[in-house]
Amino acid sequence: MSRLALKLPGLDLKNPIMPASGCFGFGKEYAQFYDLSKLGAIAIKATTVEARFGNPTPRLAETKSGLLNAIGLQNPGMDKVCSEELPWLDSFDVPILANVAGSEMSDYIEVAEKVSKSSNVTALELNISCPNVKKGGIAFGTVPEVAAELTKEVKRVSQVPVYVKLSPNVADIVSMAKAVEAAGADGLSMINTLLGMRIDLKTKKPILANQAGGLSGPAIKPVAIRMIHQVSQVVNIPIIGMGGIATVDDVIEFFLAGASAVAVGTQNFVDPYICPKLIDELPAKLDEMGVDHISELIGGSWKEVCNIH
Amino acid sequence: MSRLALKLPGLDLKNPIMPASGCFGFGKEYAQFYDLSKLGAIAIKATTVEARFGNPTPRLAETKSGLLNAIGLQNPGMDKVCSEELPWLDSFDVPILANVAGSEMSDYIEVAEKVSKSSNVTALELNISCPNVKKGGIAFGTVPEVAAELTKEVKRVSQVPVYVKLSPNVADIVSMAKAVEAAGADGLSMINTLLGMRIDLKTKKPILANQAGGLSGPAIKPVAIRMIHQVSQVVNIPIIGMGGIATVDDVIEFFLAGASAVAVGTQNFVDPYICPKLIDELPAKLDEMGVDHISELIGGSWKEVCNIH
Amino acid sequence: MMNKQGILSIVSQQQIAEQIFEIKCQGPLVKSMTNPGQFVHVKVDSYDDLLLRRPLSICDIDLEQEILTMLYRVEGEGTNRLSKKQKWEQVDVLGPLGHGFPVEETEPGEVALLVGGGIGVPPLYYLSKQLKKRGVKVIHVLGFQAKSAVFYEKEFNELGETYITTVDGSHGLQGFVTDAISKYELSFDTLYSCGPNVMLKALTSQFENSRGFLSLEERMGCGIGACLACVCHPTEDPEGTSYKKVCTDGPVFKVGEVVL
Amino acid sequence: MMNKQGILSIVSQQQIAEQIFEIKCQGPLVKSMTNPGQFVHVKVDSYDDLLLRRPLSICDIDLEQEILTMLYRVEGEGTNRLSKKQKWEQVDVLGPLGHGFPVEETEPGEVALLVGGGIGVPPLYYLSKQLKKRGVKVIHVLGFQAKSAVFYEKEFNELGETYITTVDGSHGLQGFVTDAISKYELSFDTLYSCGPNVMLKALTSQFENSRGFLSLEERMGCGIGACLACVCHPTEDPEGTSYKKVCTDGPVFKVGEVVL
């Protein structure tokens, strides 16, 4: 087995690098740049029951080392995703993590049931934390009991393992993680974006039409590392880590914090080749660190050192 | 009256710029660089009942556009603060905002009572959110009822107006703000630092001896702006805004979001002259924006436009 | 698989009007930039405090020497940093991106009216050159704020009739581009335009039944169609869920194709 | 009121050993840098992704020409960016900061032993020059990892006896600085040292009753005593609340004064 390969629930990863949901569409655009089969997995854009247009523009604003977005779950709806997007992705040898979103609990269940039946969807990612959905959405991501109930309901109908994507906009991330683990989650994705805003000095109004948006990019990496470090020590399910990854050193830092795989979001916009680049650079980094297999790094910042070999 | 002067509870400000607590000690060091009487106010370092050494070193780690700190409330204790630090500051013509911290509610009350009696302390800032204090501290900052009770108790003993400094590490900043307002807070300070971590790839351990620390600097500005924008629309008490301020444009952005004064933290370390620089640059910026008095900008991003003059 | 990313070397950089710079960059990537109205996505430098690339139009191409010319206005931090770059420094460019102006929609001998506003003027230059090469008669109407902001007047004049308007009347006709079109009774077979939204709206209402193509601007993330930052509504479904992406379906659209 | 901040121009920059660079900067601020062992706090550039200044020791000063020499090892992003800066570019310097080595503690005619480890060597150079000028006999023991990391051997040799050690034995004596001191039976009136903590600890336990001064390193925020990032415990109160700040009480302390 390759020194980068990892087996997570539903995700048989050639390597631990995947694009993050919402930052890679359904893959078509990036397929012009490289062979998607190179990727460890692909987290596709959030899917809802009905098609959505999303928020008005402007939808993006830059901040220091960060990016604010308020796309607003724009997607063609689950039927089209299942009839068009997923079949197209079938030609690649790569597991698909399908990001599921909605406004009501029943939406999530409906999407999860339908999408998890697609032959190439090997795991679901419950987006309980999208900060740009105004009704309902927020509560799922910040109240442990609600998140747990949602997880349980989705687990009941899903044909594939379920990852719950946690929001960082909470006082106590550990309670959230424990609650969804107890409810049957097979894994966690963390973190989604922090809620933020920028105001334009000329117009005196928020730059985003939606006013607030989700903050991603290197600015939020320390928050992601802290949360993964806390959570990975108290749960027994794997974590897909994300938040500001741009270099192979960042990937290693997430593993040391406790992640078992990583997702790259914003950096895809800066460098469309970033995912294959990271994959290519990882082996040399492992050599430099004297590490045989990437899995040896998982939780290395808090695990007792044991030099078996 | 000068176009920069503002009257806030307990704070008669020549201008809206003050150094943030913990980033300016008790002023002595910066007094070597410029006349402290130039400042709108000074927020002094957190004071506790007893002297504290704080956390072991390393206490700082840099992140992209951010700084992690885990100083840990190091201070000489309230008796020394009142007998040595405050009298020294008395020679300057500048209001003092005394930052109050502790581990138990009784600590806060004791410090607030004693410090608020000092002749040059014109307001208190309740640091209910310091992320580096391990026992107790966190709960004050994340549970509205607890924060409200603390505010009420401190208000009972304080001789001067009380500002409550809110933690951004919460799901619902609005509830926190409303709770402390209802409990009698005269103003709010926001935001304190976000909890974060960095791991050293060489040692494979967190860089900070305390593991986690508080994230400050430009990286967190969008979170601060968002929270102030939300809170200022629903409370009737003024907000001292902070989080990543480095330029005069940042100052304006905080005012437009809803702040009535601002504090500068991390940037003092980069440029010891930053506060007087901002004060000197503000009038030209107001000219450029066609604004007579800085107070016209408060909440400009959400207030209906009214061109009276 | 395409390689659309390249490092170009700056071969010249100069200020040509108030806040307006002309930059010329060289590299093999330029070979693929044949379509006027397309744009490139520029990473100004490698510092992480400014994350995103900046979209800039192709203003001119020298295919033989592999030189790309861009004109830009210093707006904020990104363009400010770009303006500080020296000859022989490098920039990371992704492109060419998007669908440009369709030159082939105008037959040789026909008249094309090219209307540009402010920093919307640059892409019209490469367009005009190609139209002229095709034997199309080109007329330019270029609107600016004031005399100090006018650029490339001589260059456009060399290609065809050129009318300048300024808002304050300090140069050319006082008023907007639409005033010039009315005043000089300019007629055309095809309209090509790029500029601020208000201008495009005015042109659309005046010429909604003409053959015309407008280049739009929207804040961009990826520039390649993946992030959905830059969407707009098609005119036939103005409130619905269908959409067009400015970066890949545009930036050039038919008059009336999308909601402005 | 003091002005301790200044913009210095780089007059030369060169690599002098593996990962080690020598940079010389010029400006009026240098006039105030008379005390060896003090340091400056350098803002490498104006980009916000790297917020803090970097503390670097004063390695040499030319008061007449107002030139400051620093030697640094490329450790991370900050020193890496510094190493890319060209002649005539500028750096923003805050300094001189801290309490340096007390030259006056050694009388003319006495012997001073200067012990440096790795990137702790630079401040000893300015110190050695000043001691020599005072008529003190200087002996240098400089420890490095390997031959490729050795620098300023010639420069120190010109000032006095100089012993080099390398961990791998590729140059000078194989071993640590303490091995050289023992092997060559070096005796002295005053010890001055700067280097990694392990080295300072070894020296302290060997010479705890000697007159000696050690320069410490700690991560710094402000560099001026306000942020309390750089504190250490005094030896007489190792667990208590009293403290010393490396940036203002140090970086140089008496042997045994603070807990290493």
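In this document, chain identifiers A, B, C and D correspond to the written order of the chains, with residue numbering beginning at 1 in each.
Simple rule for what comes next: a residue touches a chain if its C-beta (ideal position, glycine included) is under 8 Å from a C-beta of that chain, and two chains touch if they have at least 3 such contacts.
Composition by chain, UniProt nomenclature: A, B = Dihydroorotate dehydrogenase; C, D = Dihydroorotate dehydrogenase B (NAD(+)), electron transfer subunit.
Quick caveat: nothing in here was measured; it's all calculated off a predicted structure.
J.: Both chain B (Dihydroorotate dehydrogenase) and chain C are touched by which chains?
T.: Correct list: A, D.
J.: More contacting C-beta pairs: C-D or B-D?
T.: Of B-D and C-D, more C-beta pairs in contact link B-D.
J.: Quick check for the class: compute each chain's Cα centroid; which one is farthest from the centroid of chain A (Dihydroorotate dehydrogenase)?
T.: Of all the other chains, the one whose centre lies farthest from chain A (Dihydroorotate dehydrogenase) is D.
J.: From the C-alpha centre of chain A (Dihydroorotate dehydrogenase) to that of chain B (Dihydroorotate dehydrogenase), how far is it in Å?
T.: Chain A (Dihydroorotate dehydrogenase) and chain B (Dihydroorotate dehydrogenase) have C-alpha centres separated by 34 Å.
J.: Using Cα averages as centroids, what's the distance between chain A (Dihydroorotate dehydrogenase) and chain C in whole Å?
T.: 36
J.: Could you work out how far the Cα centre of chain C sits from that of chain D, in whole Å?
T.: Using C-alpha averages as centres, the distance is 55 Å.
J.: If you look at chain B (Dihydroorotate dehydrogenase), which of its residues touch at least two other chains?
T.: In chain B (Dihydroorotate dehydrogenase), 64-66, 218 touch at least two other chains.
J.: Listing for chain D: what residues touch at least two other chains?
T.: 48-49
J.: What is the shape of the graph in which nodes denote protein chains and edges denote touching chain pairs (line, ring, star, complete, other)?
T.: complete
J.: Please output the residues of chain D touching chain C within their complex, sorted ascending.
T.: 47-49
J.: What does chain D use to touch chain B (Dihydroorotate dehydrogenase) in their complex?
T.: 1-2, 4-5, 43, 48-53, 94, 218-233, 240-241, 243, 248
J.: Which of the residues in chain A (Dihydroorotate dehydrogenase) come into contact with chain B (Dihydroorotate dehydrogenase) in the complex?
T.: On the chain A (Dihydroorotate dehydrogenase) side, the touching residues are 63-66, 68, 142, 169-172, 194-199, 201, 204-206, 211-212, 215, 218-223, 225-226, 229-230, 244, 249, 252-253, 256-257, 289, 300-301.
J.: Any idea which chain B (Dihydroorotate dehydrogenase) residues touch chain C in the complex?
T.: 64-65, 218
J.: Using the touch rule from the top, collect the residues of chain B (Dihydroorotate dehydrogenase) that touch chain D in their complex.
T.: These residues of chain B (Dihydroorotate dehydrogenase) touch chain D: 22-25, 28-30, 32-35, 50-54, 57-62, 64-67, 69, 71, 74, 76-77, 217-218, 246, 266, 268-273.
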